[in-house]
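Given below, in the form of structure tokens, are the structures.
In the two complexes that follow, subunit A is the common piece, with subunit B as its partner first and subunit C second.
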Partner chain A sequence: MRDTIFTRNRSVPVFIAILTLLAIAVTILSEAYGTGALSVSFTKVLGMTLCLCLAALAMDLVWGYCGILSLGHFAFFGLGGYMIGMWLMTARTEVVIRANLASSPIPPTEAEISQATALQIFSVVGAEDWPWMWAVSDSLVLSLLLVVLVPGLLALVFGWLAFRSRVTGVYLSILTQAMTLALSLYLFQNDTGLRGNNGLSGLQNIPGAEGVGQDRISIWFFWASALALGLCYVGAAWLVSGKFGNIVRGIRDDELRVRFLGYPVEVYKLVVFTLTAMICGVAGALYYPQAGIINPDEIAPIASIYLAVWVAIGGRGRLYGAVIGAAVVSLLSTYFTGGRAPDLNLGFYRVEWIDWWPVLLGLGFVLVTLFAPKGLAGLVDYLVRKERT
Partner chain B sequence: MSTLLEVSGVSVSFDGFKAINNLSFAIGLPELRAVIGPNGAGKTTFMDIVTGKTRPDEGTVRWGEMGHSLLSMSEAQIAREGIGRKFQRPTVFEDQSVWDNLRVALSKPRGPFASMFDRVTPEDEARISAIAQEIGLSDHLRRKAGVLSHGQKQWLEIGMLLAQDPRLLLVDEPAAGMTTEERNHTADLLKRLALSHAVVVVEHDMEFVRRLDCRVTVLHEGSVLSEGSLEHVMADERVIEVYLGR
Partner chain C sequence: MIRLAIAALVGVVLSLLPPGKAAAQEAGGPDLQSILQQNAELVADASRRTVQDVLDILIESGLPEVPAFLATWQARELYQRESDGLFFYVEDPDADPLTLLDITSGEAVGTAGSREVAQLRPNRGVQGVIAAALVQFQLGSDDPAERLSALASIESDPDESHLAILRDMMETETDADVRRRVEALLPALVIAFADEDAPRIEAIQSLAGNVSLSARATLNPLLATTLEVAEALPEDRNVAAQIRPGRDALSVDDAYAMLVDAGLAPPLIPRSERVDVLAANILDGRVGGVPVAELNTEDARDRAYAALVEAGLADPAPTEAEVAEAVRSYVFYEVYRESSAAVTTAARETLEGIETRVGFYRVLDLSLDGLSLASIYFLAAIGLAITFGVMGVINMAHGEFIMIGAYTGYVVQSVVANETLSIAIAIPLAFAVTFAGGVAMERLVIRWLYHRPLETLLATFGISIALQQIVRLVFGALTQPLTPPDWLAGSVSLNDVVSISSIRIAIFILGAIFFVLLWLILNRTRLGLEVRAVTQNPAMAASMGINPDRINMLTFGLGSGIAGIAGVAIGLFAQVVPDLGANYIVQSFMTVVVGGVGNIFGTLVGATMIGSLQKAIEFLNPSNTLAAQTYMILFVILFIQFRPRGIVALRGRAAGD
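Entry: the complex of A and B
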């Protein structure tokens, strides 16, 4: 009996089909290439949602499959955003500076342009020179490399220290919270080099695409996000369908048994932790150009907890569960907190959803935990099984 | 017969309680050995020390022809050296199929990248079938291990031990929860294994030990009380005293 990625993950072709249909539908309805039924801002919301789904996919690998409840994976997501953000800001600002200086009587030197660019970017935090971490911000290729390398390296070092000392369970979760809190506090400082609480902004302006409107850029990023999600989904399905997946789930269910079979459990955990951090980095690098701005608030500890909540609501240990959970919850969150949901007038009290959404989410989390421990994906499984019999 | 494992002068205490007290033990290859003793005699702690789960306070554990020390190795390294362990409570991957359980246990490279690109060869397939036959689970390969009966889980874990292809098997209470027929089969299987492996069986059930028909080591309060044939140790005054109570 041969097992392939498809016999073990029947969700893969279905998922890819749905994702493709979604991409086609959004394109047909987009302002740039279709009827214009979907606004640019909503196209961006959809693209960003796909990025969040990708982060949730990574979270499911590390938590749902490997049993490591990391409450710090959004830090890697944010780092990915910062890494691409540095290039976007540098290149974009340089274009603007060049245009401004073009009319000056003496043509400016490259050093002057660089200095003027730095002043433009950093004057907001009272600096005028390039911080060391912007050393490669003028190179797209190197910046793209940093998108995976920086989150990967942080995860590698953190994971090595934690797993080597056999920190597990809730203690590890607390450590990961501490990591993302520390990183966010560090970035909040003005002299860190990433513009403190101002963060990086204007990221929606893509250098080299000055003549292209946001209507087209939004759909391009939507495509890129869908492609990244699709590729990572197939990759993740491949990873968990083979022997590696068996071992990783074995670590989740019975770490001791895996150890006594001769497998270096720490190395496996480290591989999963680092790999998922890199996926989160990619997701973040696609997300923030659509959001337009990133600041240290993005990687506050609560963000990583939300990531875990999405996966729990969607159904962990199932790749599509994570995606469903992230999509449903983050879209609902946008709906309820974006001012679109009409307030509920109870006569004696007016329910304003911006305030009450966290309560609703918390209630949903409790209900899912109590009544559908397998999450929304458990319902999908139930319906599929019902259809078969 | 050469000595495969030699434990000498090992002591370990937990919060002042001496679980193992100057214990010495040796087993050759091939050999079948039963370890018996009342609760708290240190049987499981002894296995923990050999497999690297517990570090002794003093003493040495030497392994193989070269007499390497096992004390500085991790559990996984010791397992890769060729020491397999079956736990008292059957520990199998309940959420995975019997076939998957056996596949994971097969003696192949243990690194993460080797696992990612591992392909099931016809030899692997044949080996899994042979082991499944041996442990009577041929008809259950596709079932999840979690739905097996207690005795079948015990067998699956023994099967995983076989798949690991160790030189020394440490088997903790293999017959618990089995019917008489299953016990007899298990005893026969262990005896057959002991023709080419070193096998240490910890067991409470004297009937089972009798069936194993091998040298017996009696542990009491963390050290060896008596050693020899079952008849010999059962005739030992001190053993009778320990077992029948003071």
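Entry: the complex of A and C
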């Protein structure tokens, strides 16, 4: 057998196989193309979970492999969502406006349509003109580019500044957290052009697919999310398996030694930081059309900490660990906070999961950190070792 | 109701009068009703010209019920009985029949249907004369308090007639308080109502350097301008400035709109109106020869409209060149509402002087604001300065210790009602509670993670969300009250510009005490020495007989305990909610990092810098505190690029690496 990424990293074929099986299973059970056992909303939850897994994968690359505990990657995720959200909202609103103006006696000019669209979108924040950052929001191609470029550029500039002055360890974490806070505060302002705390909404309506029901749109996005996750997984596995991966791991374990060996540590860190930011942007751009709404709350610093916690619970430094962590924790959170979990009656006290889930989750972090530094993926090690002996 | 209140007031005034005088009036002299009956005609059909005679007679009579009578008359609540011409008050003007009250005693003397009595409705002019007489009457009172209240009513509603009265008072007034009040009030009245320029200018200049709001409120209206347009600059008006449309604050479009309003130019046809005109002239799917479907560009619309104008179906719209030409051929200028140039000049110069001083005080006020914000940040961060700065432990649950401190205050206050006492109990109790919490956390979790600092972050974050949720479960998600004692409720103000609330002063003092105390503990006690030793080199410290476990435990407890006390202080002005601490955590970390990790002096400097910076940015963009926070954080991020170790960086062995 040739030496490929599939043979070098045994988790890759397993992962791709599981992902493919999941995609087939979901399709068969979906409302649009199958038996209808899975509701549209649950299909969306699954698709969104895959996007979160993708973000966690990026987080694992930057933290588990490179040792940079970034508390800003969910901000990149949100930025990706905002970038695609601008196009979705503009295009969708324009369709509605055109339909409204079609009945007027004199056909509207393009400028009038644009003006009416802007008024429709921005009247909630008391504005009526297009802010500069919406300049390319009418072009899908450019918006897709921005999904990658904006988080990438922000990460590049921020990373260059931070790595250049050798901010490392917990200081870097705090700095990235500050960046996240600044970004969310910026987005919270009504006059910065992204509709303040109203955020962007109606993102589930895909322009150009007006006649298509949400049942089919949800499964399309599920496929797209699965595809993105699969591709990025293979790409990430390939990246960390070669020399690049060795150097990056070296930086994690002893940055100074790698520097003394003559490698430009800053460049490696910058590449990883920027690349993962871009992956997060893509994940966000796939996530928010399924969620339907994005607002600055999503970007709050706590979201990025959760991302790190998922990776820690799943197990760092092994790509599938991050995916397991994100999937397990976010699905459990959805289950327990969704109000479907039956309350636990202890006789003297009634445990309502909506209330107690955050407490359990918090204590869970503590226990995992203290007693299972390898996370859930440590179980895999255990099983594999058992199999070999 | 008002009438009853006035009657009560009259009763008070009556009782204040010397008994001899009152008795004399009761015995001899005409009572109010008979005086009024002698002048019934003048009262019932009062005119601005004649009413003064009646008022003079009334004031001369010196009867104590006159002010109440005048007030009622002025308020149009006086009634005259048709049958005998007697005057009465009524109890409730909406009732039917009306209950008549005697105008001297205020007692009910009978009822009357609304047809049987006539309500007296003095017109506006008469009302004004009565009001002036009323004020004069009150100002003539023997009671200084009465005179002061009359002055207050003059201040809130000044009138031309008051000017002479106040000028007279300046000559005769003996009571020092009243005199000061008159002195303060007179310039405003002189400026507003005096006829000649000289006294007005003098009054204006007497306000020089006065930064009070009332002085500025007196001067500012003098400089109010209106924008006008004419063919040439008028000679006889007090022109403030000429305005060039397009270059100054006035846009060409607005200038043209002024011309249109003044009837000096034909109106523009706005685009929306033009579309209406086009829509009204659709003929066989064409407008002016242009097919409707093609009218989706401005160019096509122009052509269609031009065709309509040519056919006489629409008004010609002025072109841009015509608009520019029209605007160019007129002069736009701002003219003072005040006609005297000498007065406006004096007012402008005086106001400029005042504004300079106000600017100075603003800077002072801003610095105080900055200091106060800095002390809040310092309080929030100082516990962290010990746990993170000295021990190097990232404690994401630090904010929750602050929150628990605030809730301790709330719980104590719900048991002990007295605010001062409850705060006095809450402060040590909050320290005890959070100290215990900190020690427990250190023993159970943190000590296993000293070699994995990044994972401390995750574990303490888990503790943080668990604590937050538990507090939410116990106390609910709503804001709980933590009331500061009354002596902290007010504010200290130097003048109308500079003021600071007492609670902020208290927080500032608390921050200062903490700083000194901690500095002493760390630098002058055995514990401090051991803490520093363990921080620098645990192994060496241990071999010197120091127990690092114990020291770590105590240090962490100390940092957490201080966070608890800070929580009580913060809870006094912020809202006590479960995520109270979460709002401070990022700022606190930044404060410590910016100041320089490892010493509390750095935290002080960091807090001062961040606090004053944020206030300064807010001052530049006052409408938006979120933007101030955003820019402040950006600044911090950039700052750390240039001083990664903070402002006060440790050097040598103390730096630890």
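Operating definition for what follows: the second predicted complex is superposed on the first by the 381 of 389 C-alpha atoms of A that agree within 3 Å, B and C clash if a C-alpha of one lies under 4 Å from a C-alpha of the other, contacts with A are read in each partner's own complex, and residues count from 1 in each chain.
Here is the rule we use: contacts are C-beta pairs under 8 Å (C-beta built on N, C-alpha and C of every residue); 3 or more make two chains touch, one makes a residue touch a chain.
Quick caveat: nothing in here was measured; it's all calculated off a predicted structure.
Engineer: Could you tell me if A:165 is touching subunit B, subunit C, both of them or neither one (first, second, both, neither)?
Structural biologist: It touches subunit C, and subunit B stays clear.
Engineer: Where does A:179 make contact in the superposed view: on subunit B (first), on subunit C (second), on both, or on neither?
Structural biologist: Touch status of A:179: second partner only.
Engineer: Examine A:121 and indicate which partner it touches, taking first as subunit B and second as subunit C; both and neither are also allowed.
Structural biologist: neither
Engineer: Based on the superposed arrangement, let me know which partner A:263 touches: subunit B (first), subunit C (second), both, or neither?
Structural biologist: After superposing on A, A:263 lies in contact with subunit B but is clear of subunit C.
Engineer: Which partner does A:319 reach: the first (subunit B), the second (subunit C), both, or neither?
Structural biologist: neither
Engineer: Return first, second, both or neither, reflecting whether A:249 touches subunit B, subunit C, both chains, or no partner chain.
Structural biologist: A:249 sits against subunit B, while subunit C stays out of touch.
Engineer: Between subunit B and subunit C, which one contacts more residues of subunit A in the superposed model?
Structural biologist: C
Engineer: Considering only touches as defined above, state whether A:110 meets subunit B (first), subunit C (second), both or neither.
Structural biologist: second
Engineer: Pick one for A:271: touches subunit B only (first), subunit C only (second), both, or neither.
Structural biologist: A:271 contacts subunit B only, not subunit C.
Engineer: How about subunit C: which of its residues touch subunit A in the complex?
Structural biologist: Against subunit A, subunit C makes touches at 275, 278-279, 282, 287, 292-293, 295-298, 301, 392, 394, 396, 445, 448-449, 452-455, 457-459, 461-470, 472-473, 582, 586, 589-590, 593, 624, 626-627, 629-630, 633-634, 636-638, 640-642, 644.
Engineer: Which part of subunit B faces subunit A closely enough to touch in the complex?
Structural biologist: 51, 53, 74-77, 79-80, 84-85, 87, 91-96, 99-100, 103-105, 110-112, 115-118, 120, 142, 160, 164
Engineer: Quick one: which bits of subunit A touch subunit C in the complex? Just the residue numbers, please.
Structural biologist: Touching subunit C: residues 69, 104-111, 158, 161-162, 164-167, 169-171, 173-175, 177-179, 181-182, 185-186, 188-189, 191, 301-302, 305, 308-309, 312, 355-356, 358-359, 361-366, 369-370, 373 of subunit A.
Engineer: Please name which positions on subunit A make contact with subunit B in the complex.
Structural biologist: Interface residues on subunit A, with respect to subunit B: 1-3, 239, 242-244, 246-247, 249-250, 253-254, 256-265, 267-268, 271.
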